[in-house]
Every structure is written in C-alpha cells, then in structure tokens.
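As structure tokens, here come the structures.
Shared chain: chain A. Partners: chain B in the first complex, chain C in the second.
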Partner chain A sequence: MTATPVPARAAAPRPRRYVNRDQVLAILVVMPSIVATAIFVYGFIGWTLRVSLSNWTGLMPDYSFAGLRQYLELARDARFAIDVRNTAVFTTIFLTSCLALGLFLAILLDQKLKGENFFRSVFLFPMAISFIVTGVVWRWLMNPATGTRITGINLLFQQLGLGALISRWHLTDPPWGIAFVAVPAVWQMAGFTMALYLGGLRAISEDLREAARVDGASEFQMYRYVIMPLLNPVTLSAVIILGHISLKIFDLIVAISQNNIALDVPGVYMWRATFDANNYGRGAAIGIIMLLTIAVLIVPYLVYSMRSEEQQ
Partner chain B sequence: MIRKLSTTIALLIVVALLAACGGAAPAGADQVEVFSWWTGGGEAAGLDAMIKIFAAEYPKTEFINAAVAGGAGTNARAVLASRLQAGDPPDSWQAHAGQEIIGTYVAAGQIEPLNSLFEEEGFGKVMPATLLPLISKGDQIYSVPVNIHRANVMWTNPALLAELGVQVPTTWDEFFTACETVEAAGKICLSMGEQWTAMHLMEVVLLGELGPDAYNALWDGSGDWGSAEVTAALGTYAEVLKHVNSDAAGLTWQDASQLVANGDAAFNIMGDWCDGYFSGTAEGGNLGLVPGEGYGWAPPPGTDGTFQFLSDSFTLAKGAPHAEGALAWLKTAGSKAGQEAFNPVKGSICARTDCDATLFNAYLQTAMADWASDRVVGSLTHGVTANDTWKNEINTALGLFLTDTNRNVEAFQSALVAAAAAYPNK
Partner chain C sequence: MNPRMTRRLTRPLLYLMLIFMALFFLMPVYLLLITGLKSFAEVDLQRMWALPKGIHFDNFILAFEKLSPHLWNSMRMVIPAAIISSVVGSLNGYVFSKWKFKYSDVIFTFLLFGMFIPYQAILIPLVIFMEKLGLRGSISGLVLVHVIYGIAITTLIFRNYYAGVPTEVLEAGRIDGAGFVGLYRHVVFPLSIPAFVVVLIWQFTQAYNDFLFAVVLTGNRTWPVTVALNNLAGSQIVQWNVQMAGALLTALPTLLIYIFLGRYFLRGLMAGALKG
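Presenting the complex of A and B:
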C-alpha cells in the first residue's frame, strides 16, 4: 500500500488519516473471519454449554434445564471412566515418545550428514497422511491373530525369530491396549516434532557451541546444559500442539478400535452418544469437558506467549 | 482504490452466497425426495432397479435420490437429524423398521402413520401377521418394509464339519460338545468380529435360551431383565464367548465369516447378508461359493421356528413437501414389482410373502419359506426391538462386559436392568 505513489504525495500534510484508512481496511478484511469465529466457534461453544445443561434426549431439541445432571451422570459412568483412563495413558505415551524420538532424530540430522533433505522428508512424510488411513493400515499391521493366520508385524517377528515379541497389540487387556494405539500416532507425528526441534537447533548459533567446547564441555554436557535449555520454547510449542491432538483424538481411534469400548476415548463417546444414541445432552457435556481439558493446556501457553511478545 | 477493494470484497461475498444457495432444487413440479444410505454395491443397484419401476409407474414424478454415503448409515442419520431439526424433512427416508423408527422419529412427531396405505394396497395381507406389531406403535403402522434380512443364522463349513465328524448343533450343550472336537483339531469353533457382531451373537443367544415369548417380553416392558432365566442366558453367552477367536475385536463381519469359508472356523453367527458375501461373484469382492457346498446354514441353537428379522423400510414425513410423490414412492416400495426388482439385487428377501421364489438363490429360498411360516421376532442390533438410546446403553454395558477379563455376569446383568429402566421403549 505505502508503495503507491499518489497517496504518498498527498499524505504529507495529514498522515494520520491514511493510517486510519488502513485500519478501516484492515478491519474490513478481518471482519468476515471475526464474525465467522464469533458465530461458529464462540456462539456454538455457548450453545453446546446450554445443551449440556439440558435434558435433551431424542431427536428434537429439549432445552429444559437439568442443571449439572449430565456431568454428574458422566462422573458415575463406567464408560467415561475408561475414556479418561485411556486418554491419560495415550497422552502420556504419545507425548513422551514423540518428544524423545523427535529430539533424537533432530540431533542426528543436525550432524551435517549427507542427504539430510532426503531423511527429513522421509520422517516428515507420515504427517501427510490422514489419521484414518494410518489407523486402517496399522490395524492390519497390528493384527493379533496367531498360528496359521499370523500376519502383519507379528508375522515379521516370527520370520525374524523374534517370537518373544509377538503381541496382541491394541487388543491387549486394558488399560494397555490403548498404549499400542499410540504407536501409529507416534509414527505419524514424531517427524513433525523432529522438524520443530531441527528448526530450534538451527536457530542456535554455532558460536555458543564453540564457546562451550572451548570451556571444556563434553558433547553430552554441551547438549545438556547449553542446547536443551535453549530448546525449551520449542518443547513447549510441541507439547501444546501434540497435547491438543492427543486430548481430542477421534479419527485414529475410530479407524483402529471399531467401536471397541476397551479403546474408547471422549471424542468417540461424544459422537456415539450424540448421533447413535440421540443423547444430545450427554454428548454436549462430553464436548464441554474436552474443551475445558484442552483449555487447561492451551490457556497458560497463550498467556505465556503474549507476555513474551510484550517483552520483545 | 479502497473503494475498489471493498467493492471486490462485497462482490466476492455475493458470489459466495449465490454459490451456497445454488445447490437447492427448484421448487414446484411433481417430485419426491427419498433419503437413504444406499450409495454402493448391491444396495445402490437395488435402489436403482426400484427407481426404474417407480419411473415407469409414475412417469410425471421426478425422483430425487438424496443418498448420503459413509459409516453404514451413521453419517446419513446425522445428516437426517440435522435436516429434521431444521424443519426441512425429505419426503421419505430409509430407516430400520421397528423401534429405530418408533423410538426416534415417531417419538419426535416427525412421521405420519400409514394404516390407510396398508389397507388400500393390501400390504397387511401379504406380510406375516407377527411382523405388523413390531413395526407399529399402538395400532398405527409407521413404515413400509422393503426387504427382510434374517439375523438368526448359523453359517457352517460343511467340508470341515464332515472331516471332523461334527453334526450341526441344535442346542447350546451340543454346541459346546462340538466345540471340543473342533478346537481339538486346532480350529476356531465360532468366529466373531468387532463389537456389534458380539451384540448380534448376544441377541441370538438370548432368543435361543429364553424363547420368543420371553424374548419379546424383554422389549415391550412386560419382562424382567433381572430374572433368573436372563442370568442363565447371559451365563450361556459368556460360555459361548470362550469359544470365539481371540482376535475378534480386530475383525469386521466379513473377516469373521471368511474364517468359516476358508475352513479356519466351523461356525459363524451372523445375519443373512453373509449369503451375499459367500455366494456373490469374486469380481464384486465376494467369495463366489456355491450355497450348500462352500457354505451351509442352520438356525442357531434353540431358534428353530423363529425368524429374527430386520428390515429396511421407508417412511412418510410429517409435513412432507411432496406428500403425493412420497405416497406414490411408498406404493412402489411395498409393491410386488418393486420388491422383486430390489431384493434379488440387494441379496435379501421380500417383506411380502408372494414374491417369485425363482428369482432368488438356494439360501434365500429357504429364508422365504421360513419367513412365510415362522414366528417373527425383532433384532436388537439392527434397530427393531429397542430405541436407539436404550440400544446404545446396552452396547456400552456389553462393551464393558467384553472388556472385563473375569466376565462378571452379575455386573453385566445389573447394567442391563439399569438400561431397561432408564430408557424403555415409549
């Protein structure tokens, strides 16, 4: 805009007006998305909250006020207890494995090895696939059949003479079945975590490493005391991004679990309660609980990043 | 320049709005909009065959096929729910006959009774008398069944049974004895798949152990879910589950029935859509077996003489935009010509008992004979006996039971009692 010659000349006597026009234009341009967000995000959050406080069961809306009944029922609901436990196990394994594997791969790739671009793409590619596809393929790979029907990874183990590793995978008795569902999720997202860390590593100046080496730090000490602290903001972003994926995971579970309650998570229960059981009140209550859980993770991050922006 | 930009933005918005509205069908003219989840395979082909009959009978009425793909109807039901909540019903839609319609759409006041249509067209006279109460609320009939599937069928591998010298069991005790022989030979006795197939198995065991009267009483509110008979039946079910494949939860129903076809398993209890999978052509992704040779069938233990049915049926929307077209469609859907066009292609039998048997294969002919003579009861898994909310509570209770390594029948039964008390059929 400022490059346009005509307003630049006229601007000289009254510069503020043009700032205002820019602002008006900016607001105009942003307006549609503000309106859309207000309606389709915040409006519907409010509506979901209202439904979660109602008795709505059945096809047609019933907004009669039920207080916290839906929430209290969920607190006693054995299925929801499984959902919470599964989410906890899944999130723990998914987060720690992604962070550890991502950091490890990033440090390896940061060693200025040949063909870095190739490896970076290889590790990032799984991210290009939808969770549904990942889920279906991994359901086949993790087939727990034994004997003559053995297949997938178990067959690979058998052929390699690693029979001890043959497992029932995601059909392992609860609560560990869900831990195996985290395997494809890690496979898919570890490359992304690696890319985040690689970006962080590249931003650390070579001078710092040199200085550490000159001061006599071993390679390990350099990573432990110089690099890792500098990567903290990256770790935080990764935790936020992976954490919210994990807390609202739906598609991967649907594709792998086939409505098996041992592998149920809140996202799946919300869908089933709402559209299969016409239990809209319960579905909405699950949705609100999921929103609050994710808010616990996201809000401190938003506050933190706003503060650091101000400091800058 | 700013003006230009804002004009452009305004124009873009207008264009976007126009594009969004462009999808709506032009009003007026004779039409009927029919909503279903038949978008692929034999179902879509069967629907097309029935639409052809409709077009010949009502050439002036335009047929709008509002089928929604995905999720075995789950997506379509979500779309339908949002349309009904917005007051924009299709003229007629597909739903499973029974409580799935009565507990959901009738309870919400969304569909019209069809008694006069049944009288005019004489549908009641050509359908089994025990069927009508299962698709009615009080005296009001609410849907036209187009096809019938049988839920209580036990599929067998005749070659494997002959090799092992095992007879097809007619009681659960005989079944357990047969399992000993089968399992001693290193085979799976009963193949099962993901969770809904476990529910399917449960309803068949309940029917076989309780008998049709006590089974029906569980659903109409006169029976007691907490009774000792139910405890015993659930105990049998827990016992049956000990003889299923260990990877059941990882398999689809096709995977499970394929185990029987391949000779890995002796038995499989599944609805008679299996017949289409067994006997259909290999090019169509089926197994291409000969009925009676590649696969056999029998009523599961204790259910001989009972036909546990499910049915796709069509409704008349309350306030249907084209009620006349919808009634015309329902006449075709219930007619002999319409059902004879649809069912051989879909791989199911007619809801009418007067269809031409020569159009159907060997299995379906036996099903037709049973449909005309057997006592008819409804399927739980497929929407006939319990409303959706109740059915989902049962599904959750069952899921917890399957998850429980100790198979605590007592806890399972009390969850079923609670579900029946909380969400009974209205």
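Presenting the complex of A and C:
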C-alpha cells in the first residue's frame, strides 16, 4: 500500500533537480559576458566619469576631485564650440540627405523595374567598406586644389565643361566645409537607408495601394498620403541609427580632414586631447558628453522597443 | 492621361534616374580600378579620369608592398575575433531565449546597452586597463576588445534567431533525456548555421573596418590595415595613385564578402538596425 507513492514521490523531484542543474549551467554560461559588460561597459563609463571630474591634465594620473572644472573649461573652449557647431551641421546634412536619398532610391526600386538586384547592390556596397577607405578616396575626389593641380571631381567638372560646379569643398568657409564632409558619409550610408525603406515598402500590402488607386489617387498622392505615414516607424529607426553614427563620427573625419581644426568633431577632439596632449580630464569630459548626447537619442528608443516587445 | 500612358512615359525616366545614381555610387570604384591598372609613368593628375593604356599592376604592387604586413595583421585579428564572437553570442542567445531565469530579460537589456555607447566614453580606462594586462600593442588585445564589445550585437542576433526555434522541439529532446548541453549540441547548434554565418560576417566586417580601437591599442608593427592605410595617405611622400590602389586593396576583403555573401551581410545589418 505504501509502496506505490514512494516511487512517484521519488520520481517527481528528479526532473526538477535536473532542471535546476541546467539552470545553474545556463547562468554560468552567460556569466562571463555579464562580468565583461559590467567591467568594460559600465565600470569603464564610471571610471571615465571619475577622470572627467578630476584634475588629470598631464601625463601623470591625478584623480584628485576637481568638480566640474573640465566641463566648465570645455564650455569656454573655442575648439569645442567648433565641434558642437560642426556636429550640428554634419548631423543635419547627413540625416536629411540620407533619409531623402534613401527614400527616393527605395521608391525607384519599388517600381518593379528590371535590374533591381543590380541597382540595389550598387547602392548598398559602400556599407561594406571602412570609413577610413571612404575618407581616403573622397579626400582625393574632393581635393580643393585649383589651377594646374586641379584634380578629383573638380577636374571631372572642368573636363565635362561644368566649370561652374567647381568647389573648394571642405576648404569652404565654416560651417560649410563640414557640410561637404557629410557627402562621403551620405555616399556610404544612403544605401543602408534605402534598404530600410525598401523593407518597409515591401511590407505594405499591394491591396492597400490598389485601394488608393481605385479611389482615384495619383501615384504621387498614394505615396504621400498612404505609404509615407506607414513608413514612419522605419524613419524612426533610421534616425536613431544614422543619428548615433553621426554623433560619434570619428574615422571618416580623421581620414578626410587629417588635422584641419575647422573640420573638428568631438570624437576627434577626444582622441587628440587624450592621446596627443595627455589631457585625460578633458578627453574624459568629451567622452561623457558624447555618451549623454547619444543616450538622449537611444534610451527613449530602447524603452519604447522593450515595451512594444512586452506587449506582443 | 490614363495610368498606362504615364507608366510608359515614366519608365525610361525612372531608369535614367537609377543609372545616374548608380554612376554616382560607382564613381570612386571606377577611379580606384583605373588608377590601379595604370603604369607608373602614365599616372598624372590631369589624366586621372582617363582610361589606362593597357593593363599594368604597378600601383597595386607598390601598395601591396606597403600594406601586406598590415593586411596580414588584420586577418590574424579579425578571424579569431569573428569566431570567438559567434561562439559567445550563440551560447548567450541560447540561454536568453530558451533558458530564461529570474531577471534574465533585465540582464539582456543591460547587455544590449553596450551596442550604442560611443567608444570615446570608455577609451581612457580601456587603454589603461589593456596596458596593465600587458595587452596594449598586441593583436590578441584587439581580438579581446572586439569580442567584448561585440557581446551585445552577437547575443541579440542569436537570441532573435533562437526565438524562432519552437519550444516543442526542445521539449521533445528533453523527454529523451537531454539537458542543457545535450539540447544545445544535438538540437540547437545544428539549426544555428545561418545565424552563425550572419554573425561571422558581421563581426568580421566590424573588426576589419574598425579604426578607433586599432589606433589606440596597436603599435607600428601590429597596425591593422585601416591604420596603415590612413598613415599611408597622411604621408607626403606616397603618391596619390598608390593611395588609391591601397584603398582598393584595403576594401577588397569586405567587398568580396559583400559580393559573395551579400544576403547574410544584409541580414546582419538589419539585425543590428531594426531591433535594439
């Protein structure tokens, strides 16, 4: 009589203990990543914050507390003022051009044309390339030299009889020089924006378009009033991704402008201040400001996407 | 005008616009190719857009001489970085999708944040830390850094991929007596190949194209090719045509991946973009 419940009771805990052991294994597997992230991301951010609040302005480490000294100095720093203005101009030109060109290319490719795959590949290939390569190539394409040293696109304009289009590119008066530096960045990222929009367009059912056409909408009206509003989430994603690339742009500027202060951005200044001038406090303060600027963009987006995932 | 008429009129216009845009996107490639193929004597600024007379590889050879040790450095750094990243991401993704524990979703979000930080905000401690570990200047140090800062994206891609593997498949394996390790080895891993390809390509491209970590963490002899190319272009002695050929050589590995494995490249791109 008592024999029957015994095996049942003995059997019941066994799978449970089994799962528990596996659960421990699971946690052990992710532990190194958690520890690494805790140190290399969060710990290092804290460390940078500490340096940014210190008097460390030379080769020797100095963690003595200086309050907001580094930030206040940056606020008065002419070079950092250039950086802020350049970032604003670069981001505006880069974002609006990528979005406009990306959407334009996506709509062109959405017309069921022959050779769609070829064109799509052509618009997207710059994405595969390092910003350094892009910078080196475009530095030549946009070389501002004139006279017998004329070269790059300017030379092409001259030879095609389009002399009026010859430009001094990034030697142009500030802030327009940095606007020209956005051109290669757009060249590199417009295809990616196109791919995002094309994904969005393909997700919109043909029925919806037909319905709009039946209601007498022209193709333009259909895109303007039916398709565009449906693409808003794609635009939001694109703004987040392009925006955070733009705010931390570094390698492209280094490769194109070399040491031209007129084209400086925070990413470059941070690198120069820290590793050339050994002004660690200032470098750290710039790093923290960059982080905060990007957090303003990213955190609401992360919260929003986490919430919408929970709702699903 | 009826719709069919406008269609007939606009079609050539559409092609014209596409071709014009394609020319804009391909212009640098044209310049790189023709420059590389010119003989050294033939290179001059005034003829930079002209087609080469015959095929020579002078500029490529010169650029290759300067860049090949660094191309090799890049490969020695990028291949292990991509492989280790994929393994880490796969195991993490497996846990965060199929072995959720208390607070695992919170921890996953905590990991994801690493994807968006500007690296300038961690650069100073990183350099000090790597120096202390004796890893600054070494290629293995750079591998470590790419693996660590890749955790967020690789975990994300694998987690999303495994979310598509039905739990019933795992339950069946569990009834057969498989546990954490057995289920991974016999059920999950064999299904993971497409995700592995995406993550391998993504991490390969990211590490190969990186400049910031490379420039602060490596020295003269361990420079990856991006740093070497930038310094080649910054020097006054090296001629522009050699720089162009060097740029093409540097771009080649990731371009080949894009050409032959573009589908997976794009998938990685989208995974890094749309979610997060």
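The definition used in the following text is that the second predicted complex is superposed on the first by the 283 of 312 C-alpha atoms of A that agree within 3 Å, B and C clash if a C-alpha of one lies under 4 Å from a C-alpha of the other, contacts with A are read in each partner's own complex, and residues count from 1 in each chain.
The rule we apply is simple: a contact is a pair of C-beta atoms (placed from the backbone, for glycine too) under 8 Å apart; a residue touches a chain by one contact, two chains touch by 3 or more.
As the structure is a computational prediction, the values presented were derived from the model and not from experiment.
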- Message: In the overlaid three-chain picture, which partner chain does A:258 touch, first (chain B) or second (chain C), both, or neither?
- Response: both
- Message: Quick check for you: in the superposed arrangement, does A:172 touch first (chain B), second (chain C), both or neither?
- Response: neither
- Give one of first, second, both or neither to describe whether A:235 is in contact with chain B, with chain C, with both, or with none. neither
- Message: Touch test for A:121: chain B only (first), chain C only (second), both, or neither?
- Response: second
- Item | Contacts of A:244 with chain B and chain C, given as first, second, both or neither | second
- Message: If you tally the residues of chain A touched by each partner, is the higher count for chain B or for chain C?
- Response: C
- Query: A:146 contacts which: chain B (first), chain C (second), both, neither?
  - Reply: first
- Query: Once the shared chain is lined up, is A:51 touching chain B (first), chain C (second), both, or neither of them?
  - Reply: second
- Examine A:36 and indicate which partner it touches, taking first as chain B and second as chain C; both and neither are also allowed. second
- Query: Which of the two partners, first being chain B and second being chain C, lies in contact with A:79: first, second, both, or neither?
  - Reply: first
- Query: Both chain B and chain C contact which residues of chain A?
  - Reply: 21, 25, 29, 32, 139, 149, 258, 275
- Which of the residues in chain A come into contact with chain B in the complex? 4, 21, 24-25, 28-29, 32, 57-61, 78-79, 82, 139, 142-149, 168, 170-171, 173-174, 258-262, 264, 272-273, 275-279
- Message: For a test of understanding, state which residues of chain C touch chain A in their complex under the given definition.
- Response: 3, 6, 11, 14-15, 17-18, 21-22, 24-28, 31-32, 45-46, 48-49, 88, 91-92, 94-96, 99, 101, 107, 109-114, 116-127, 129, 148-149, 151-152, 155, 179-181, 205, 208-212, 215-216, 226-227, 229-230, 233-234, 240, 243-244, 246-247, 250-251, 254-255, 257-258, 262, 265-266, 269-270, 273-276
- chain A to chain C touching residues, read off their complex: 18, 21-23, 25-27, 29-30, 32-34, 36-37, 40-41, 43-45, 47-48, 51, 105, 108-109, 111, 113, 115, 119, 121-133, 135-141, 149-153, 155-156, 159, 187, 191-192, 195-196, 199, 213, 219, 237, 241, 244, 247-248, 250-251, 254-255, 258, 266-267, 270-271, 274-275, 280, 283-284, 286-288, 290-291, 294, 298, 301-302, 305-306
- Query: Residues of chain B touching chain A in their complex?
  - Reply: 1-2, 5-6, 9, 13, 74, 77-78, 81, 84-85, 104-105, 107-110, 186, 194-196, 245-247, 249-250, 252, 264, 388-389, 391-393, 395-396, 399-400, 402-403, 405, 423
